[in-house]
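Look for chain A in each of the two complexes below; its partner is chain B in the first and chain C in the second.
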Partner chain A sequence: MENMTVNVQLDAKGLACPMPIVKTKKAMKDLEPGQVIEVQATDKGSKADMKAWAESTGHQYLGTIEEGDVLKHYLRKSSEEEAVERKHPNVIDNKGLEKKLQENNSLVVLDVRETAEYAFNHIPSAISIPLGKLEERMNELSKEAEIYVVCRTGSRSDLAAQKLTENGFERVINVVPGMSEWTGETESIE
Partner chain B sequence: MSKKVAIIASNGGLFDAYKVFNIATAAAATEQEVTIFFTFEGLNLIHKEAQEELPIPAGKEHFQEGFTKANVPTIPELSMMAQELGVKFIGCQMTMDVMGLEKDQLIDGIEVGGAVTFLEYAKDADITLTF
Partner chain C sequence: MTVHVMTPEEVTKKVINKEELFILDVRNESDFQDWKIEGANFQYLNVPYFELLDGVEEILSKFPADKDILVVCAKEGSSVMVAEMLSEAGLTVSYLQGGMKAWSEYLEPVKVADLKDGGELYQFVRIGKGCLSYMIISNGEAAIIDATRMADVYVDFAESKKAVVTHVFDTHLHADHISGGRMIAEKTKATYWLPPKDAEEVVFSYEPLEDGNEVMVGRTPIRIHAMYSPGHTIGSTSFVVDDQFLMTGDILFIDSIGRPDLAGKAEDWVGDLRETLYTRYKELSEELVVLPAHFMIIDELNEDGSVSEKLGVLYAKNHGLNVADEAAFRKLVTENLPPQPNAYQEIRKTNMGKTTPDTEQQREMEIGPNRCAVR
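Coming up: the complex of A and B.
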């Protein structure tokens, strides 16, 4: 499993409820939209709390990993990406990709979400290259291959698809909406 | 998204204080608008001296150790944190008169008001709690 990169780490170990939430709220304020935070806590109630907190504040709860007594929670700050208009002309819907994957499991699926988002829920054969790293890691992809680009809602993948096309990739298809409504097979580190 | 929470604190023990301030802080951290109305013994929770040494119910003294072990913040810490997060404290004027309390005996940053002040706030609250 590829390492998860996070933008901020928060140590809330040894703190009782509601301190992990209070600390998370404070730390979240300093994050840019779309950035990922790792919150380390020992409060056993924090798992349910983080999830509920993210739901009511609009942030994205990615998942929790338990390491001994320490719970590592991963959250992504909400962003306005949903509002962006998509520009890449070639698109496929979730069902369409799911069907294609059943027929041919060697399809290239490129997941451009953050590594922590990918870690907790991704299409089994998907390659992870976060949008921010695409420029430098583009050479890992074949220009001739058909590439299905996926993110959470279809916005980051739209930007990625445009970027790939500009760089000479000819068969790039954006998957809409993407993982937020994906019902096909997935893998997770949880 | 932002919900309104109205809390009445009318008891003055240590456990009562934790119930009030934990819920209030958690709600405020979840971007909810919170106001607490302190009345009768609940005023102890925002009394400068009293909040430092709120009583534990008789026979439950052994919990003191548990609070320390679980690294639970003290009540003055929690009440300050709640205020930092924007929780509004209202002291009940009528009770203060009955108990002979002045506003400067209570912690800073509170308002003093009557029942109607609270009712006006609570009339469209999404959650109302009494402790």
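Coming up: the complex of A and C.
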């Protein structure tokens, strides 16, 4: 379904434990914070280990897709985004958005996380435009519409909301904190 | 220092002899919590291998100086890596050959008894998973009961005893492990017996095992008497062997009783389970030695590593046989049950012959403890 864009692909097929994790750890070092890696492995145990390893190191484990014998794991390198101060004045909390969605499911929800993050867990009606692509794809959005911008913790969506406002979008609302604590309906490719 | 290898057989000896061992388990925490190598005098440290990639310095102080150290992981690879790191840091350590996969598959044959007319009875203790299977040998013939999927172990063992396998039994359709019964029967041309009420959906031919069936093993016959004893499954059948032993399958264990819910019919089968435990077995001699298809905890092992106890002793000590109130019994076996065995539905389908996963898939399905009992 979704086209997942990743920054790095790592081939760990045919390798037994501990090699998939050893190689992933190495590859992760060369990534920029926030970038996404796809690790292809055939070791069935790698799924649980990727997840546990990511949790222990602070990286984000996004999910795993099984294609035949190959497990494709998606991880996002940890970033300091939580520490950034938010500037966009117009915000709504998760509960608030959840309520609005129940009343009106044709609201525009813009998800600015990476496509791989979106793929494994997103609000059903949300549109996916990663923050890095917003500049060039802004024209897909209507300037008159009320746009709820969501990311994982509210930081990238804050930057996106600022950017949209600068470009003449007037009804932009940042969703805080966003998907990390979202308890409403979601969809996933898993 | 060099890294040593410890085989599952060597670890099993340490379990049986209640020796001391310090186990560094480098699997992730949930796998360790779910299932580990149990020993009365074993000590544990669980640190996932992926937290040790940058070095083992932080855990060095946690090892005792006076105990053997064994590094354990799922399939061996990570334990070799960590063992080498520990060794470079100056410790003498071993890793478990084949990891938990090999541990799950290892079978320790323990002789339970000499039978009346020169025969022998062996119990195969699957120490890592708590499964028990049996071989009765008499005068050049052998019968196998509740075999695990490691078919060759039984076939080779029978051969080493110069016996031909003539009969293979499953007391019931297993839900916690894949039966080797059919494969052994195919290899040896033996007759494969299954209780028909459990075998309604099986896709291969078998000999129906029914109440009152008697099968002889050897020219000086050892009698195997089938006794219908439903409860864990609707077809569960027990055997009285040589008038001395009661093979209870998954109905009655040493310190626990069978759970009736693994085929999705807990409520329906509670009455059967109670009838079997509180009436049918009660009519048998208290001198019969109970040989179950599982043990739950390592404390159930006897000094020699076998698992057995007289029926009379179980009626005195096993909590599950001493719940006078029927409603309380129902509650015990249907509420607050332990988690179901890993992949139990897929395992049932495999045992019915409906699916034929490859060896690697079968291993994955069987990971973890058996969990067939209620205490």
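In the analysis below, the second predicted complex is superposed on the first by the 190 of 190 C-alpha atoms of A that agree within 3 Å, B and C clash if a C-alpha of one lies under 4 Å from a C-alpha of the other, contacts with A are read in each partner's own complex, and residues count from 1 in each chain.
Here is the rule we go by: contacts are C-beta pairs under 8 Å (C-beta built on N, C-alpha and C of every residue); 3 or more make two chains touch, one makes a residue touch a chain.
Everything numeric in this text was worked out from a predicted model, so none of it was measured.
Colleague: Based on the shared chain A superposition, would you classify chain B and chain C as clashing or fitting together?
Modeller: Chain B/chain C on chain A - steric clash.
Colleague: In the superposed arrangement, which partner chain does A:G45 touch: chain B (first), chain C (second), both, or neither?
Modeller: second
Colleague: Determine, under the contact definition given at the top, whether A:M19 touches first (chain B), second (chain C), both, or neither.
Modeller: Both chain B and chain C are touched by A:M19.
Colleague: Where does A:G68 make contact in the superposed view: on chain B (first), on chain C (second), on both, or on neither?
Modeller: neither
Colleague: Taking the superposition as given, does A:G168 touch the first partner, chain B, the second, chain C, both, or neither?
Modeller: neither
Colleague: Looking at the overlay, what does A:W53 touch: chain B (first), chain C (second), both, or neither?
Modeller: Both partners.
Colleague: Across the two complexes, find the residues of chain A that touch chain B and also touch chain C.
Modeller: Common to the two interfaces on chain A: residues 16-19, 21-22, 25, 49, 52-53, 56.
Colleague: Name, in rising order, each residue of chain A that touches chain C in their complex.
Modeller: Residues 16-19, 21-22, 25, 44-45, 48-49, 52-53, 56 of chain A touch chain C in their complex.
Colleague: Using the touch definition from the top, list the residues of chain C that touch chain A in their complex.
Modeller: 28-31, 48-51, 53, 73-75, 77-78, 81, 360, 364
Colleague: Can you list the residues on chain B that touch chain A in the complex?
Modeller: 1, 3, 22, 25-26, 29-32, 70-73, 81, 85
Colleague: Touching residues of chain A toward chain B in the complex: what are they?
Modeller: 14-19, 21-22, 24-25, 49, 52-53, 56-58
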